[in-house]
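Below: one structure in structure tokens.
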Amino acid sequence: MNREELNKNRKLERSEYLNFFTRKRFFFLKRLYSNWLIFKKNKMGLLGVVLLILFGLMALASFLPPLINPMYQPMIGVDPMILGTEGPSSTHWLGTDFMGRDIFSQLLMGARIAFMIGISAALMTVAIGTTFGLLAGYFGKTVDFLLMRFADIILVLPDLLVIIILSAVIGKLSIWNIVVVIALLGWAGTARVIRSQVLTLKERPYVDAAKLAGSHPFGVIHRHIVPNIIPLSLLYMTFRVTSAILVEAALSFLGFGDTSTVSWGMMLQWCWKTGNMFRAPYWLLPPGISISLITLSFYLIGRAMDEIVNPRLRER
Amino acid sequence: MAETLIKINNLSKLYPLKKNLFRKAKEWLPALHNISFDINEGEVFGLVGESGSGKSTCGKILVRLEKATSGQVFFEGTEINSLKGRDLKAFRKKAQMIFQDPYESLNPRRTVFDTLIEPLNVHTVYEELAEPLKAQHIGSRDYRERKIQEVLEKVELKPAEDFLYRYPHELSGGQRQRISIARALVLDPKFIVADEPISMLDASVRASFMNLMLKLKKDFNLTYLFISHDLASARYICDRLGVLFQGEIVEIGPTEMIIQDPKHPYTKMLLSAVPVADPKIKRKRLEGAKMAPIEHSTGCVTCKFYTRCPIASKEKCGEGKPELVSVEDGRFVSCHHIK
Amino acid sequence: MKILEIKNLSIQYKISEGNVQAVKNVSFDVEKGESIGLVGESGCGKTTIGMAIMGLLPQNAEITNGQIIFDGEDLLTKTDEEMRKIRWKRISMIFQAAMNALNPVFRIEDQIIEAIMTHSDINKVDARKRVEELYRLVGIDPIRARDYPHEYSGGMRQRAIIAMALACNPDLIIADEPTTALDVLVQDQIISEIIKLQEKLEMTMIYISHDISVIIETCNMLGVLYAGTLVEYAPTSELVSNPLHPYTKGLLGSYPSIKGEIKKLNPIPGEPPDLIDPPSGCRFHPRNPLKEKVCIEKEPELRLIDDRHYVACHLV
């Protein structure tokens, strides 16, 4: 059979390929939209989204203050007019800390850091957890046994304690070190959940059919298992974000964080260490409330997404 | 005389029940025990029995979705339990399977096109490597697309373009089951195992699906293993039947002969229990007795059906498990009362 | 004496894609002591009718028209409280996949006793005696009443459900596919049990199924439903020997049988219609090769043709 004959028999035109791809995109967007409709019905989820947008704007706005006036730099900005900590004023909306640095710009910077830490740690955690859960669930037997026992060990380790010990042993931990360690300690829960989902998926007839077609196990995993696992992974990511932010805040507050970054936990640490906990509410409250609210927002979003991922939870 | 396509010898499949600490099995569940039968080319062989009789397991072993614990399965003379790698992949092209649940047989996130092209993508790569056209990639892609359109037309989903880019949730149960068969046909197999393909379909859809299966068999010289618990549909579509009871074959033979003149008491019982859509016929179910099992120090000495058998007797049935003996041309029964 | 009269019942379900016209203009009468079979394919509305009689329609269902007159009273005008009194005591139901209706953490006896005591003023001791009676009636050893559901086989669970349905001596029992998930031998036992009970207790029964052979064996009147409409209603032997509606003829010709000759099955071409936008006029016309103009325009009425033989077809 030569090329001309094949081209003659060609029934699918180029335009139909395009149709095919746009159809796929269209379906993806349509699914996204119908999921959004379900999400919308959940008032808590909407609250979570609103808060998230608020903090997102804060994180984006964190670039502005230093550009407006160098004294607004969160780490090194000094207001020549002010010595020590002072309450809110027209130039410093939330006041200044013990070094005369603007608290509001610190708060904005903290939002940026919180997003960075939260999302990168969560991404890493879920990547590791999903991979391990997939392998354990799909291949079963020895692989499952080894991975799950390993996960059990990791699961029972107390995160905070381990990181504290690590920082005592290794010395100062940078923010990225912390992110990596959070991921290395936090993947076990996700792995278990993903594994149980994989166990149910693997019994579906279409997986058997793929094996019958002669597909390689990784091909089967890639085509059939992973797409049905991704929503669950994303869901767990939102929970891991809250966890990561809280761990980092706790670490910083206790004095084991990265002192060269301004995170909300760090702000609390400075407030406490300089004895201003009860004297400067304008310093204490903003970071504390922000931590709570951003954690809440991710959690609410996660719960609302749970209704999408797990249709049985939906109300009629 | 049709050739034997598949020869099954003493097939057994055991599932581990209890495992000790090192995951070594202590107790086994015999899903299939010493199954032996042949399937001829071009025929529809029906495997009937109740749930738990092992029919699905047998089907899966015949297509190497599971491996037998002992015994041999010969497909065109080659033993399939020992196949590996390239040979196993080549075997996959010849033996396929369709499943019971139309809603779970297709990946909900993949279009009909994706589902049908997967087997081709996995295999065509090897074939087209030999062709000079592979270098341009056009040949392979065209071959695959043509094949998909062909196969959709074979299963009477016309026009093919309408169905290519649909998702499973846009199709009805009957259409999904047709896509399942299309997926099985895309590699031009010789043998298809149909595991209760119609039990989840509506009545009229069942009938058209069975007609489709028969038409495909005729047009493409297929051989089927039709697994079912519904004797009426098995009678309609199957040339020969094998009756399974708790993992053992109790009767094999041409369908009509088994239906009109069943020899094994279990077969008789099954047939008497099928409801009949004719108000004039008063059906009487064959009652099973409640016999106490004969205990023996060496283990079970009767056939598995003894405790429910209407014609069980201590004298005749206490001689160990009965063998499958030939009673007529092509008919085999395993029962102590029939020698 | 007519115990149940359904007049012009129309029900629709509200779903996100639109309104599903699940039942349209269904009318039939049930005499005391009869057993009526409702047969049809999936989506024909048979379960919906059963649920409507019991007053157990889901929240998104709306009864747009009609009356369900039970023993002289219209059930659709009753309040929830009144329906609760009627349910189980005068009308009870054996659900589809009823085996899953048993609570796995309670003993079966307790569950039946609870049902009895909720609906009648019997004390616990008498209720227990009643359970024994019921078990003997359905053919289970009364000692097994103290077991948990997982200790029962599928067939036994189904009998337990039947016992529960009979507990308060209802006038009418609705059995919705009671044997679908069971093996042939067990199904047969259950069917003969049901026939025996019906004769003995002189119960009126509505038997819903998609399997016409089972219905023909158990019921003396047969109603054929298609896409929410009742197309034919006649005594069983009459319907089988002389089907008038083209759908009935097609349906009878789609079932293979183990008796008689093997005839080629001629199934009805096409698919059941989408009930959100059903065909105009007679809902069967798209699949009827003999249709005429009036079939597309006008909905057929259920007319009496012969002795209790009703058909809804323009061409008869």
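All chains are identified by letter, namely A, B and C, in their written order; residue positions are counted from 1 within each chain.
In the analysis below, contacts are C-beta pairs under 8 Å (C-beta built on N, C-alpha and C of every residue); 3 or more make two chains touch, one makes a residue touch a chain.
Note that the structure is a prediction, hence the values are computed from the model and not measured.
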Pair of chains whose C-beta contact count is the highest in the structure: B-C
Far-end chain from chain B, centres as C-alpha averages: A
Chain centre separation in whole Å, for chain B relative to chain A (CA means): 48
Whole-Å gap separating chain A and chain C, where each centre is the average of the chain's CA atoms: 52
Between chain B and chain C, centroid-to-centroid distance (C-alpha), Å: 33
Residues of chain A touching chain B in the complex: 1-3, 6-7, 9-12, 16, 19-20, 23-24, 27, 141, 145, 204-206, 208-216, 219, 223-224, 227-228
Chain C partner contacts - residues on chain B that touch it in the complex: 50-51, 172-175, 202-208, 210-211, 229-233, 235-236, 256, 259, 269-271, 273-281, 283, 285
For the chain B and chain A complex, residues of the former touching the latter: 23, 60, 63, 65, 88-89, 92-93, 96-97, 99-101, 104-107, 109-111, 113, 115, 118-119, 122-123, 133, 136, 138-139, 142-143, 145-146, 149, 161, 164-165, 167, 180, 183-184, 187
Complex contact set, residues of chain C against chain B: 41-42, 183-185, 187-189, 191-192, 210-214, 216-217, 236-237, 240, 250-260, 262, 264-269, 271-272
